[in-house]
Amino acid sequence: MSPLSFDLQLLNACAALLLLLSFSMLSQRRIVNLVNLLALQGALLCAATLLVAWRTGQGHLYLSAALTLALKVIGLPLLLHRLIRRLNVYWDAEPVINTSGTMLIGLLVVVFSFGLAQPISALASTATRSTLGIAIAVILLSFLTMITRRKAMSQVVAFLSMENGLFFGAMSATYGMPMVVELGVALDVLVAMLVLGVFFFQIREQFDSLDLHHLESLKEGE
Amino acid sequence: MDVSFSYLNACLAVLLAWGAIGLAGMIRPRSLGIAARTLFPLGALCGIALAVLAVLSIATPAERAVLPLGLPDLPFHVRRDPLASVFLALLGAASAGISIFSTGYFRKGEGALPGLLCLEYHVFLASMGLVLLADDAYAFMVAWETMALSSYFLVTTQHRIPEIRSAGFLYLLIAHVGAISILLSFGVMQGGSWQFTFDAMRAAHLSPGWATVAFGLAMFGFGAKAGLVPLHVWLPEAHPAAPSPVSALMSGVMLKTAVYGVLRVSFDLLGTPQWWWGLVALGLGLLSAFYGVIFAAVQTDMKRLLAWSSIENVGVIFTGVGLTIVFHGSGMGALAALALIATLYHCLNHAFMKSVLFLGTGSVLHATGERNLGRLGGLIHRMPWVAWLTLIGVLAIAGLPPLNGFVSEWLLLQAFLFAGDVPRTFVNMLLPVGAAVVALCTALAGYVMVKFFGVIFLGQPREAALAGAHDAGLVERLGLLWLALGCVGLGLFPVQVIETLDVVARDLLKLPAGRWGGDWWLLAPAAARHAAYGPLALFGVTLIVVALAGLGVRAVYRRRVRRGPAWDCGFVRLDARMQDTAEGFGQPIRHVFEPFFQMVRELPTPFDFAPRYRVTVGDRLWTLLYLPLGATVRWTADRVARLQQGRIATYLLYSFVTLIALLALVL
Amino acid sequence: MSTLGAITQLLEIVCALLAAPAFLGWVNQCRAWLQNKRAPSVLQPYYGLRKLFHKDVVLAENASSLFRLAPYIVFGTMVAAAAIIPSMGTGLPLSMAADGIALVGLLATARVFLSLAAMDVGTAFGTLGARREMMVGFLAEPALLMVLFVAAMISKTTSLPLIAEGLTTRALGLYPSLAFTAVAFTMVLLAENARIPVDNPATHLELTMIHEAMLLEYSGRHLAMMEWAAALKLFNYACIGFALFIPWGTSTEASGPQGLLLAVPVLFAKLAVAGGGLALIETLSAKLRVFRAPEFLATAFLLAVLGLLVHLLLGD
Amino acid sequence: MEVLLLLGSPLLGALTLWAFGARSWAPGLNVLFSAATFAAACALTARVIASGPMVLAREQFLVDPFNVFLVTLTAFVGLTTSIFSRPYMRVEAEHGRVSPGRLRLYHSMYQLFTATMLIALTTNNLGLLWVAMEAATLSTVLLVTLYRTPASLEAGWKYFILCGVGIAQALFGTMLLYFAAERVLGAEGVTALLWTHLDAVKGQLEPTVLSLAFVFLLVGYGTKVGLAPLHNWLPDAHAEGPTPISAVLSGLLLNVAIYAVVRCKVLVEGSLRSALPSQMMMGFGLLSVVLAAFFLWRQRDIKRLFAYSSIEHMGIITFAFGMGGPVANFAALLHMTVHSLTKSAIFFAVGHAAQKAGSQLIENIRGLVTISPTIGWGLMLGSLAILGMPPFGVFASEFLILTTAMKQQPWATPLLLLALGVAFAAIFGKVQPMVFGETPMRRLPHPPALLPVFVHLALVLMLGLYVPPYLAGWYRDAARLIGGP
C-alpha cells in the first residue's frame, strides 16, 4: 500500500477531527461550548472542502467552501451566540442517559457506520471515499446528541452538526452535489435558522424557558 | 347500453325511478304533502311494477347489461337471472305494501324532515334492488354498503334518543365489518384473474382450501347482515329503533338480501359447494333460530320481540340453506331443490308476515305512543282493523295452517325427513336432531306470537291512556291488507308459487329441467304417496265445519247472549294489573331456558307500598363476546397510546432506531 | 275419490263427533272405578253438553269477537283433524290434503286460538291458563312431531293413512324405536289433553289448573263447543296413537266395505282398552307441580328424538 | 409556459401578500392567486391531455401522468381551501385569535407553501425535490404556530425538529443516489440527479448503494408522510394549526411526500430487482394502519382524530404502493386523490364546527345537524366517505387494495380487517354524537357557506361511481410507471 499523498493525509486528519468533535459535542453540556464546537466543525468542513477543491480543481467546490465559511463558521455560530445571550441559556440539564453510557452507544454507532460505509466506499472512485464512514458516523452521532439533549438550543446545535455531516458525506462520496442543489440546501438551512430564531423567542415568551420538558403536553399515553 | 325492452332494463328503470322519487323529495324537504302523500304512493306503484316484472321474468333466461358507471376497468355489470327475480319480486311486493302504509304513517315533527326520509327510504329500496341485480363485485359492494348506509340513516331518524344512536352505531359497525369480510371473499374468488365480474368468478377455479376461505368470509359477512348468532347483537337494537315501516323493510326485505348473497356465492360463484359447508350453515341457522326464539319470548318491547323473532326466522332460513348445501354437495339434486325451495319460500313468507307485524306495531305505536308491552292491552276494541290484520301475520309466523308460514315449515321438515339417504352416517344422525330443533322453534314461535298478540290486543287496557287509541287510517289499512293478503295467498296457493320457485332452484343448482309434480291444489314434493298438503282443501273443510257448527248452533239454540262483568273468582277488585304482564308471560321460557339468559332481578321488599317486580334479561353473548372484545381493543389502545409520550427525544429515538434497524436489515 | 273412501270419511267424522264425549265419559268412569268411587254414566258428558247448549251465554263485558269466534274455530279444527286421522279406514280422501305435519299444525292452531281466547277477557286466570297452555304446547308439539317422524321414516311417508297401512303390513316384531316413541306419545297425550300428571281436569284449583283456567269465562253454548272440542281432542289423540302403534284392524282400499264394517267394532275395542289404560295411568300417577311439567315434556321430547336416533342406528 | 405560470403565480402571490397580507382584501387576493394557479394547472392538464408528457426548462421540470393529476389536485384543493379560509380566518380574526400581522404571514406563507408543493411535484431534479420539501416544511412551521398558544408552539417545534431530522436523512439518501448515478451517468453531475435519466439507467445502478439510499429516503420522506413510528409530529401539527392549514397539510403535503417516496422507490426497485423496498413499504404501511387505528380510539380532540385518520390512510396508500402491480398502484393513486379531497372537506366542516362550538374537544361538539344541517351533514358524509363507505371514492380504492391484498398478501388481511374495523368504530363512534343528538349550542341564524365541502364530496362521490377516462388513463400509465413485482 503506497503512502497517501500529503493532502489526502490532511483530509483524513480533518475527518478524524470531525469525528472527535462529534464525540465531544455528544458529551458537552455547556451550550456556549457546544456552539463553539459547531463553529469548529464548520471550519474543518470548510478546510476539507478547500482541500478537495484544490486537489480536484472543481470550481464549484470553492463556492461551496465559501458558503460553508459564511454560513456555518461565521453566520450561524454568531446568531446562536447572540441568542444564547439574549435568552440566557448557558447550560443544558442533565442528559437523559449519563455521559459514559452515551459514549459507549456512540462507539457502537461509529462501528456500525463504518460497516455501513464499507460497501459504498469500495465502489467510490473519489480519493476521499474512505472518509465516508466518518461522515455517516457524524450524522448518526449528531442524531444521538439530539436524542440525549433536553434544551431546545442544544438540539438545534446538534441538528446543524448533522447538516455538517451531510455536507461532509456529500463531499467525500461525490465531491459535492450539483450547484443548484447546494445553493438550495444552503438557502434552506439559512431560512431554517431564521425560523428557529423566531421560534426561540416565541417559546421563551410562552414558557420563560427553553427547556424541552415544557413541550411535552401533547401526548396520548398517561 | 341497449335501451330496448327487456325485463332487466325494466327492472333497472324501476330502480332508477325509486332514486328519482327519492331525489324529488328533496325539492321541498319540509313538505309532508309532497314527500309522504304523493311520493310514497308513487314508490309503491314502482314496487308493484317491479314485482310484476320480476314474476313475469322468473322463468326467462338470464339477461345481462353493462352500465356506464363504476371503475374504469370495472363498469357496473348487471344481470337478472331467476334467483334475482325471486328476490326482486319479494322486494317489490313487500315494499309496495310498506310504501302504501308509509304514506299514512309518517307525520310531521318526527325526527328527520319528510323529504330526507323520502330520499333515504327510496335510496334504500333502490340499493336493495341493485344488490340483487349486481353482477360484479364492485357494483355489489357499492349497492350493499349504500343499503347499509341508507338504512342506518333511517334507523337514526330520531337521533335525539341516545339508545337509538348507539343502536345505529352498532348496526353500521357490524355491517361495515361484515362488508369488508364480503369484500375479502370476493378478493379470494376472483382467483388472480383481476376481473371482478361474477362471470370471472364463476370461471375461476379455486383450490378447496381457498374456496372454503371464500365461503367462510362470505358466511361471516352475510351472516352479520342477516343477524346470525353470534353476530346478531345489532339486530334487536337497530330494528326496533327505526320507524316501523323501516323496521318492516329491514326485517322483511333487507335480511333476505343476505340470504341472497349466501346463495349467490355458494351455488353460483363458487360453483359446487363442499357438503360440509352446509353443516356450518345448518349449525349456525339452528343456533340462531333457537336463540332468537327464546329471546323473543322474554322480551317486553314489542318491536324488540319482533326483531328477535326475525333472528329466529333467519335461522330457519339458514337451516334451509345449510340443508341445500349438504344435499347438493352429496349429489342429491332433488332433495337439494326441495330444501332450496323451502328456503326461498320462507324468505318470501317472512317478508310478508314480518312486514305485517312491524307495520301493526307501527300503528299501535302511533295510536298509543307506547312500545312497552307492559303498558298495552285490549287494543282489539279500539283498533279492530289493525288487530285482525295483525292476527293473520301472527298466525302465519307461528307456522299454523293454512297460512304461509306453515307451508315453508312443512317443506323444510319434508326435506329433513327424506334426508335419510345422505351418504354420511354422521350427518344422517345429525339431521333429525336438526328437524327436532326446527320443530321446537316453530312451537316456541307460537308461544311468542300468542304473547305478542295477546298482550297487545287482547285483555284489558293496562293504561288509562289506551282508551284514546284510534285505529289506523285508510291507507295504512290498505298497506296492511296488501301484506296480509300476501300471507293468505302464499298460504293457500303454494303449488303455483313452488312451480315458479322450482324453476329457480333447478337453474341455481344446475339440475335438468323438470316439472313439479302434483295437482294445482295439492302440494306433493316427491309423490302424493309420500307426503301431500292441500291447504285449500284443508282450509275449505275446516271453514265448512266452522260455518256449519256456527250456523247449526245458532239455528238450534237461540238462547240469549248477556253481557256481564268478568268473573272475579271471589276477588273484590279485578283490575287490568292482574293480567299477566309481558314478563309474566315469558316466565316459563325464562325458567326452562335459564342458562341462556343473563337475568337481573329486582325484587320488591315486603315494606314497599307500590311493589314492582322487575327483571331485565340480557344477552349472555354480549357479555361473553362483545364486551371482552371492546375491553381488549380499549386495553390495546391504552398500551399503544403510550408510544406517543410527548417527549421529543423519545420520538427522535424512534426515528433513530428505525433507521438503524432498517440499515441493519439492508446490510 | 272412491265412494268407499267418501263413506269412510263421513263415517269417521260422524263417529268422532258422536263417540268423543262417550270416550271421555268412559275414561272418567274407568277412573272412578279404579279410585273406588261411584262412577258417573258414560253418557255424562252428553248431559253436560245438552245442559250447556240450553243455557244463556254470559259474555264478559270486555270480550271481543275473537272470544266468540274461538269456540267454533277450535271445534272446527278438531273436526278437521278427526277427518284426517285414519281411525277406521285408510282410504280417506281428505288425508291427501293434510299429512301428519299438517295435523300437528291443525292441533297447534286450535291451541293458539284457545289461548288467545283465554287472554281476551283479561283476567288473571285466563292469561295464566294461556301461558301454561302454551308452555305445555311448545314442548308437546315438537315431541308429537318427532313421534310422527319416526313412523314416517319407517314407512317413508308422512301421510297418516299410509303410515298406518305401512305399519300394518310389516311383520310383527319388537321395534325399539317405536317403543320409545310410544312412551313419548303417551306422555304427550296426557299433557295435551290436560290429564294428570300435567293437569287435573277435575279441579279448579288456580295454582295448578291449565285447561280449565282458559275456559273460565266461557258459558252456555260456547262452553259446550269448547268441551266438545276437548273431548274430540282426546279422541283424536287416541286415534293417532292407534294409527301409529296398533294400526291393525283398520280398513284399507283393498279390504272393501267388509273391512270398514269390521273396523268400527275394532275401533271401539281399542278405545275401550285405551280409555282403561289412560284411567290407570291417571290413577297411578300424582299431579306434578306446574313448573315440573316442562321437565315431564322435555322427557317426552327427548324420548321421541331418541326413538328417531335408534331408528336411524338400528335401521328398523 | 404553463409551468412558469403555475409556479410563478403562487410565488408572486407570496411576495404580494407579504406586502399587503394584512389588508382587508388580502383574503380575496389569496383566492385570486390560488385561482390563477388552478387555472395554470388546468391549462397544463389540457396540454398534457393534448400532447402527452413533457420535460421542460433544461430537463429540470417534468410533467408526466404520475404528477399531472397531483398538480391539478394540489392547485384545486389549494383554491378551495383559500375560499374556505376567507370566512374562516375572518371569524378567527374577529375572535381575536390572530392579529393582522399574523394574517399577513398566514396569507403569504399559504402561497409559498403552495409554490413549494408544486415545485416538489413538477421538478425532475431529485435534489430540487428535496429542497422543495424542506421549504414546504419551513413555510408551514410558522403556520402551525400561528396562534402562538403553548400547544401550537410545542406542535410547531416537534414538527420542525422531527421533520428537519427526517428530511436530513432524505438528503443523505439523495446523495447516495447521486453517488450511484454518477458512476453510470458520468462525473459531470449535470444529469445524475434528473429523475428521467436515472429512470433510464436504473437497471445499471449499484444495488448495494441504492438499498442503503432507499432506507435513508424512506425514513426521511416517510417522516413527512407520517408513517408509524415516524409519525409523531403529525397529529400535533394538524391539531394545533389553523384549520385551513390542517386541511392542506393532510390533504396535500402528505401526498407530496408519498409522491417523493414512490419516485425513489421506482428507481431503487429497478436497480435492486428484489422485493425489499416493497416489503419495507408494506411493513411501514401496515404498522401505520394498525397503530393509527388504535390511536384513534382514544382521541378527544376532533382535529387530532382526523390527523390520525390521515396516518391510517397514508399507511393504506404506502401498503398499496408496496404491494405494487398495476391494480394496487392504480388503487393507491386513486386513494391519494380521494383521500386528499375527502380529508380536506372534513377539515373544512370540522373547522366550522369547532368554531361554532368554540372548542376542538369532541365532547363539546354535539348535535351539529340541529344547529346547522350543512355542517352536520358535511361532517357526517365526509366521515363516512373517509371510512370507506360506498358509493364514495375512498371505497373504490379500498376495494381494489383489499381484494389485491387478499390475493397477494393474504397474511396482511386479518390485520387490515382488524384495523379498519377498529378505525371505523373509533371514528364513527365519535362523529355520530357530534352530528346527531341534542345540542347545547344555539341554532345558527345563517347557514354557513360550505360550498367547498360539498364540491369535494361530490367529486369524491363521482370518483366512486365514475372515473373520467383521461384520469383513469393517467392512473394506468402512472401505475405502469411505478411498476412493482
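Note that the chains are named A, B, C and D in the order they appear, and that numbering of residues resets to 1 at the start of each chain.
Just so we're on the same page, a residue touches a chain if its C-beta (ideal position, glycine included) is under 8 Å from a C-beta of that chain, and two chains touch if they have at least 3 such contacts.
Everything numeric here is computed off the predicted structure, so don't read it as measured data.
Colleague: If you tally the C-beta contacts, which comes out ahead, B-C or A-D?
Modeller: Spelling it out, more C-beta pairs touch across B-C than across the other pair.
Colleague: Roughly how many whole angstrom separate the Cα centroids of chain A and chain C?
Modeller: Here chain A and chain C have centroids separated by 100 Å.
Colleague: So how far apart, in whole Å, are chain B and chain C when each is placed at the average of its C-alpha atoms?
Modeller: Here the centre of chain C sits 35 Å away from the centre of chain B.
Colleague: Can you compute the centre-to-centre distance for chain A and chain D, using the mean CA position of each chain? Integer Å is fine.
Modeller: The separation of the two C-alpha centroids amounts to 31 Å.
Colleague: Approximately how many whole Å separate the CA-defined centres of chain A and chain B?
Modeller: Taking the average C-alpha coordinate of chain A and of chain B, the gap between them is 69 Å.
Colleague: Return the residues of chain C touching two or more other chains; collapse runs of consecutive numbers into ranges.
Modeller: As it turns out, chain C has no residue touching two or more other chains.
Colleague: Which positions in chain B are in touch with at least two other chains?
Modeller: 638, 640-641, 643-644, 648, 652, 655, 659, 663
Colleague: Going by the contact rule already set, what residues in chain A reach two or more other chains?
Modeller: 116, 119, 143, 146, 155, 215-218, 220
Colleague: Go ahead and list every pair of chains that touch.
Modeller: A-B, A-D, B-C, B-D
Colleague: Would you tell me which residues of chain A are touching chain D in their complex?
Modeller: Where chain A meets chain D, its residues are 116, 119-120, 123-125, 136, 139, 143, 146, 152, 155, 159, 162-163, 166, 169-170, 173-174, 177-178, 180-181, 184-185, 187-188, 191-192, 195-196, 198-199, 202-203, 205-207, 214-218, 220.
Colleague: Any idea which chain C residues touch chain B in the complex?
Modeller: Residues of chain C touching chain B: 53-62, 64, 66, 72-73, 75-77, 79-80, 83, 94, 96-99, 101-102, 105-106, 108-109, 111-112, 115-116, 119-128, 130-132, 134-135, 137-142, 145-146, 149, 152-153, 156-159, 162, 206, 216-217, 220-221, 225, 291, 294, 298, 301, 304-305, 308-309, 312-313.
Colleague: Quick check: in the complex, which residue numbers of chain B touch chain D?
Modeller: On the chain B side, the touching residues are 68-73, 137-138, 141-142, 144-146, 148-149, 156, 159-160, 162, 165, 168-169, 172-173, 176-177, 180-181, 183-184, 186-188, 190-192, 194, 196, 633-634, 636-638, 640-641, 643-644, 648, 651-652, 654-655, 658-659, 662-663, 665-666.
Colleague: Could you please specify the touching residues of chain B with respect to chain C in the complex?
Modeller: Chain B reaches chain C through residues 377-378, 380-381, 391, 395, 398-401, 406, 409-410, 413-414, 417, 420, 428-429, 432-433, 435-436, 439-440, 442-444, 446-447, 449-451, 453-455, 458-460, 521-522, 528-538, 541-543, 545-546, 549-550, 553, 556-557, 559-569, 574, 576, 578-580, 584-585, 587-589, 591-592.
Colleague: Can you tell me which positions in chain A touch chain B when the two form their complex?
Modeller: Per the touch definition, chain A meets chain B at residues 96, 109, 112, 115-116, 119, 140, 143-144, 146-150, 155, 212-213, 215-222.
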